[in-house]
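Below, each structure is written out as structure tokens.
Both of the next two complexes hold chain A, though its partner changes from chain B to chain C.
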Partner chain A sequence: MEEPVIVLETQKINAWFGKDQVLFDVSARIPKNRVTAIMGPSGCGKTTFVRTLNGLHLMTPGARSSGTVLLEGTDTSTMDIVDVRKHIGMVFQRPNPFPTMTVYENVLAGYRLTGQRLSREKADQIVEAILNKVGLWTEVQSKLFKAGTSLSGGQQQRLCIARTIAMEPAVVLFDEPTSALDPKSTAIIEELLSDLKADYSIIFVTHGLQQAARISDYVAFFMLGELVEFGETKRVFVGPQDKRTEDYLSGKYG
Partner chain B sequence: MTPRKLKNGVMGFLVAASAVLLITVLVVIVWHIFISGVKYLNWDFFTKTPTPMGESGGGVFNSIVGTFLITLVAAAIGTPFGMFAGIYVSEHRGQRFADIVRLCADALQGVPSIVIGIFGYTFLVVRFRSYSALSASIALAFMFVPTTTRVTEEVLNLVPSGLKEAAFALGARRSSVAWNVSIKTAAAGITSGLLTSMARIAGETAPLLFTAFGSRYVEWNMLRPMSALPLQIYVNASSPYPALQQQAWSAAFVLVLLILLLQYGAKHLIARVLRVKA
Partner chain C sequence: MVAQPSRSDRREAARERAFTAASLVAAVTLVATIVLFLVQLFITSRTSRAAFGLPFLWHSEWNPVTEKFGALPMIVGTLVTGFGALLISTPFALGIAIFLADYAGRKVAEPVKYLISLLGGLPSVIFGLWGLFVLVPIIGKFEVWFGKLVGSKALVASGTTGVGLLAAIVLLAIMILPFSASLILEALLVVPTELKEGALALGATKWDTIQNVELPYVRRSTVGALVLALGRALGETMAVTMVIGNGMKMPTSLFDPANTLASAIANQFLEATSPIYIGSLIQLALILFVIAIIINVLARVILRRGIQQ
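For the complex of A and B:
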């Protein structure tokens, strides 16, 4: 088996909310152009881990963190946070298109919010290409200038994926993006992931074991703020090396 | 009947009775003003200035102009201060200085309007040696700012934090998030707050007694004494002439209508905000 290229590496990440430590020395190497699932029981630090990667963790009052995040070899703490977030995009648990913007404007929200101007043709081009990429173009072509919030929940979430990848990030963080969606919309987004990984490296937080097994190439198993096991999904599911992973997979807790 | 059912019945009655009482009070006031005011409304009422004491006819055009000018100028002075203070307090939630600003806004809201009037008289009228509409607007702005601050803050706090996070995650800086996401999402709510605050100051009388003073003429110069509907009502209603008293009712009707319209507009806008949120 050929060693994958590493796009993102964390070295000894620790994170706190006030006095409560929620992550302990998390070191992980995220492969490029693969889907890496972050799984584990509720409250194990999955979401906090991905939020330390793009600096959102520190925006919570009282939150602290330590450790290093290397994005394609560059220490992100030496980069402007705006650049970090352009390279590491994020899709959230609940679909959250901007209610004051149309579908069209939502796709380009990142450009507008960071003050980048686009020519009309370039903007049209990006909107069509990106909406095609998330499989929304035919569905919303006639609703481009309606409010983004007028779409169905599943469409809204794909619109949020669209606005994230419109910024051409290297890594896209998905924080349980299907937990508020119906099974059909979930299936559409899961299918989408296998297309997206050709262009992006994906980190996907989920608490569903089956979902992790279905969609991921690699899996990181978290418990009580520790990264217990990391490896190829098949290998971890078939032959977990840590007793705690084995117990979790066999449904002893979760 | 079990005690639980009895308690339920008594509480149900009290709640319903209070609700009915509230509606009754409003209906009685509005109805009475409508009945007393509407019959003296005519074209002259809206277009003419008051006749000399004791003569019939004339109108309150000068007061209508005055109410609009004084209220609009007060809102123009107060809006930026109130809005920016509200944005500040909302953006710096939990910080000491923001808490102090909020506390001051609440305290200022509690200052009786007559005190605001005396304040305007002492620091503006006496200093510039003239009653003026501008000093009235400034005094009213002191009442306008705290309500606007609080409403702006509360509406901004309603903007879901998920939206702001989404903007940050796209690389937006704080100022961009505040302007492009928070304020735009809350815009209808903020506007509605401005209208409510305007409705509140449009009916104020005490501050005007000490500052605008009143005038028999149509006055457009903010630096001169000016009439306003509440002043006109006060003067006419306390005069001994029935014709003037009737005019006071009509003026009261116009004033109440104006305020209800502002509040209706405000409510309409709030409904729009809640739709955006859902």
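For the complex of A and C:
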């Protein structure tokens, strides 16, 4: 298989909460237009890792980090954090549409929040196109001006995906986005990923092995804050090179 | 006697009944106090109602010598000082709350929060004293300056005292500030982190997030907090009495000495000797009571809807 193009590279990322170090020298190269799953047992630093990529980690009081994140070759520490977040979108564990905004407004929330004005026509166009992309258009067409929180959990999560990709980011971080959803909604979102990766590079934190196997092209296995193994999903699942990966895959720890 | 319920069981049950009865009595006493209170106010103010009837509410003459009484100047004074204070203090309250919730670190926010609650618990006579000896002279000077500015001889001539509506408004604004600021702060602190992070992750700055996510989220609780603060301002007695100047005429400018419902009662209850004078003062109390109830119910309704949302 040919070498993939790299969209995002981390070099020796370390992260702390107060005195507790939670990430140790994590260096990873995330391929463009692929789904990269971040997996590992609870508390292994998966979520912290993706939160260091868009600087949300530092929003927690007492949190620190070090190391370099290169986004398409540019060191993100030289960029304004607001710009970094425009290029690296994020979908959270629990659906978090803005409760004071309608479905329509939620799709355009990124524009409104960053003070970008859109003409009515352009706005309508974006909303329809983006909702189509996440498969919500036919479902919510009649509810566009109801509160975003009036949708079902699965629909809310797709609405959050919609508002994220409406900003045309290069990379989208998914932090266990299906862990609060029922199996059917989970399946819809998993299916959606294979469409989305044509346009975006996806980093997907998951707790479940099966989910990682189903959805990802590449997989990063974390344990106790270390990146233990990184590679094509098939290769890692069939022939893990590290003993710890092998133990995890065979179910030796949670 | 059947032996099944042991002695300690029976003692337990008896205690249970005793506590239930005791707390029931306490609760009934509270309700009865309020009801009796209202009834008593209503009965003792009947002399005034018999003499003036409903027009008491919109007559603007208050003359103990001729025993003609009308409540309008005091109603106006109450509303003007209350809303004026709210108008001045609201931007500060919002600013303080936003700063403490989103900008100040914990090391700054904690002591400031403590200071705010300290300020809120300060006896109002202290505010009144400060108002009389510090604020009033400043307002007196301002009054003269303003009189010269707009060319009003009346202000320059009469206005050196500084007591009046404006002094009461400024003092009330300061007094209700800790109250509304801490209520708004509490509301801001419960905005879910996931919503703030959701906005930040879309490339919003902190201020974008405050404006478009946090403030809309706490809109209802903020309005509720402000209405509660208004209620405080409308009923505040001691401090207002000390700086408002006990003017019984209908105020025509913010510099005029005036009275609120509460300050009129406090200022005059000692002089009131005739039944009709007393009745009229108690009638003022009834009006204030009703306004206070309306404001509190309103705030509660707004706040409850805020929580359901």
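Here is the rule we go by: the second predicted complex is superposed on the first by the 254 of 254 C-alpha atoms of A that agree within 3 Å, B and C clash if a C-alpha of one lies under 4 Å from a C-alpha of the other, contacts with A are read in each partner's own complex, and residues count from 1 in each chain.
Going forward, a residue touches a chain if its C-beta (ideal position, glycine included) is under 8 Å from a C-beta of that chain, and two chains touch if they have at least 3 such contacts.
It should be emphasised that the depicted structure is a prediction, and the values quoted were computed from it without experimental measurement.
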Simultaneous placement of chain C and chain B on chain A, clash or fit: clash
Contacts of A:G251 with chain B and chain C, given as first, second, both or neither: neither
First (chain B), second (chain C), both or neither touched by A:L113: both
Overlapping contact positions on chain A, where the chain C interface meets the chain B interface: 54, 56, 59, 61, 82-83, 85-86, 89-90, 92, 94, 96, 98-100, 109-110, 112-115, 160, 163-164, 167
Interfacial residue positions of chain C with respect to chain A in the complex: 105-106, 192, 194-195, 197-205, 208-209, 212-213, 216-217, 219, 309
In the complex, chain A residues that touch chain B: 54, 56, 59, 61, 81-83, 85-86, 89-90, 92, 94, 96, 98-100, 109-110, 112-115, 149, 160, 163-164, 167
Interfacial residue positions of chain A with respect to chain C in the complex: 54, 56, 59, 61, 82-83, 85-86, 89-90, 92, 94, 96, 98-101, 109-110, 112-115, 160, 163-164, 167
Residues of chain B touching chain A in the complex: 94, 160, 162-163, 165-173, 176-177, 180-181, 184-185, 187, 276-277
